[in-house]
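Here chain A shows up in two complexes: once beside chain B, once beside chain C.
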Partner chain A sequence: MSSSPFASVLAALTRQRGVRASLVVDENDGIVVDSNLQIGQDGDRVAALAASLYRKARLSARAAQLGTATFMQLEAERGRICAAGRNDLVLVVVADPAANIGMIRVEMIKAAGGLP
Partner chain B sequence: MSITAVEPWVEIPLRKFVEEARTVLGLLLHPSGQVVAQFGFARAVDVMSACALAAAIHASAGELGKQLDGKPFRGLHHPGRDRQLYLAEAATPRGTFIFLTVFDQESSLGLVRLYFDEFCKSLAAAAPAAPRRVEPVIEERFEQELNRNLSALFGRG
Partner chain C sequence: MADDVRRWSDELARDPASLVFLPLGETLRRQGQLDLALKIATRGLERHSHNPDAHDLLARIAVDRGELQRAFDEWDMVLRLTPEHIGALKGMAFVRFQQGNTPEAEQYLQRAAEKNGGGDAEVAAALANMRGAGRGRRDAGPGTGGAPENGAQPASRIPRPAPNDSRALFADILGEHEQTALLLDDQGLVLAGIYVDGSGNDVGDEVGAELSGVTDSARRATRHLDIGEWRAIILETEVAVVTMAPSTADGLLVVAASKATPLGLVRRVLDRCLERARKWLEAAR
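Right after this comes the complex of A and B.
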């Protein structure tokens, strides 16, 4: 179990029903800062891909003059990836398709606000 | 992106890496410094310099790793202001190669490492089964071989 400053945030997110993994990722490098993963989850892969997606989404939102991106969600056949960022860090959650995404979204936006 | 390879079996794995990792320059070389494949370079002289430097950095990092950690360092990341460099070993049935790639803000270290791992696997799978004769790092024909490889990549001597 992680004992970093992000441990409690990650633990709270992973307690949500249907959440398979939660990670704090460096947005520019796509490298895991801290994570809470269920067995079988590839944290490095999720971190690299989700950070890249989030970064592109954030830049696209800005280029489209939509302002700051606060939350990104990717829905796929076998799961969802959610991301919320602040400064250079991104909070990433991997969840089951049936997970309560509303609750996860609320928790993530709240937690992202507390990122340094 | 133009990819050229001295050994044809390298080309497909390298092309896949370039497309996925979105890096801007890449070199695959023998630890001796002989080029095997490249993408993104326009001039043979730049490939020659990059190969020599990559081989030297790899040898130095390997020795440093042995002294500090008891085993050679396998990968090196150097972030610049606009561009970053990643250099690491790729093991295949045909021996170990050095891979050097340069990327900018279109990619990230995480993506490069992720796709480099996949590149290593597909390179090892694509390598012909018959092992090559193990050759000394520096041999009499080194310069001749180097020029032959550069000619194959850039179409001139």
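Right after this comes the complex of A and C.
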């Protein structure tokens, strides 16, 4: 179990139903800052892919004059990736399709506001 | 707003003859609860059959449901009751335009402009746009589009705009909400829809080019995480909610709405636009 400043945030997210992994990632290089993963999850791979996706979405939104991104959700057949960022850090959650995405979203936006 | 809906619902339950069905139905319509809005409006009309606002409400709901001819008939009733009703004229123009009858649409807009003394910037802009688009439609020859005879539009009757007015493909789905939709091809080029910025410029190409790049990252992420094909991306920003979904032939559909629009409604609009895009692309082949 991690003991970083993000440990309680990640633990709270992972307690949400259907959450497989929660991570704090450096958006620029996709490196894991801290994580709370279920067995079988490859944190480094999740972090790199999610950070890349969030970064792309954020920059695209800005270029399209849609303002600063606050939350992103990708829905796929067998899972979801959620991301919320602040400054250079991104909070990432990987969840099952049946997860309570409303609760996860609220928790993530609240938690992202507390990122340094 | 939820409080208003509850309050109006309670009042209507206490007094079925109350006119609160008008704001209640309109609010439900804006929230995308079209079946409920229709029920409320229909019951209200039963008690207030000569109320033009009630017919106007029903027309707006019908448009959101894709029932263009029904909407036209209701607005026609509004005009019989209130010949000066600008909203009805604008609505009828919209329906005729969607049905491919640009000349008649122009006539209704012209009447709206005359009744309003030319002071309605929205009508003037719509008239100008329609005349531009109408030229393209007439150039394409007869037979583009067609007026549905009754409510729902089967696939074969969905308007098939000429190439240069494909911008109107999603117009009836988007209605009057602060929403916009773009259909992009696999290169990020705009196939249909329109995206207008705050200055009134169509920036669809720029927005499409920027957002389409997200799909590569989405595909890569879902493949490597083994969570199947991606179905949608929802991106919330300070000012907007943007939803994207893969469309036919590696295309991308983008629906953007103001931040105030409920997420559920945006998703519903996305699904309807996807279906429209699929049928339109099939018909174009």
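Here, the second predicted complex is superposed on the first by the 116 of 116 C-alpha atoms of A that agree within 3 Å, B and C clash if a C-alpha of one lies under 4 Å from a C-alpha of the other, contacts with A are read in each partner's own complex, and residues count from 1 in each chain.
Throughout what follows, a contact is a pair of C-beta atoms (placed from the backbone, for glycine too) under 8 Å apart; a residue touches a chain by one contact, two chains touch by 3 or more.
All of these numbers come straight from a predicted model, not from anything done at the bench.
Partners chain B and chain C fit side by side in the overlay (superposition on chain A). In the overlay built on the shared chain, the residue A:T70 is in contact with chain C alone; chain B does not reach it.
In the superposed pair of complexes, A:A61 makes contact with chain C only, with no contact to chain B. Ranked by how many residues of chain A each touches, chain B and chain C are led by C. Rounded to the nearest 10, the angle at the Cα centre of chain A between the centres of chain B and chain C is 110 degrees. Residue contacts after overlaying the shared chain place A:D29 against chain B, while chain C stays out of touching range.
In the superposition on chain A, contact is made by A:R45 with both chain B and chain C.
Taking the two complexes aligned on chain A, the least Cα distance separating chain B from chain C is 8 Å. Residues 45, 49, 52 of chain A are contacted both by chain B in one complex and by chain C in the other.
Residues 107-111, 113-114 of chain B are the ones touching chain A in the complex.
Partner chain A is touched in their complex by these residues of chain C: 197, 203, 206-207, 210-211, 213-214, 217-218, 220-222, 224-240, 242, 256. Interface residues of chain A, counted against chain C in their complex, comprise 45-46, 49-50, 52-53, 56-57, 60-61, 63-81, 94. The touching residues of chain A, when paired with chain B in their complex, are 25-26, 28-31, 44-45, 47-49, 51-52, 55.
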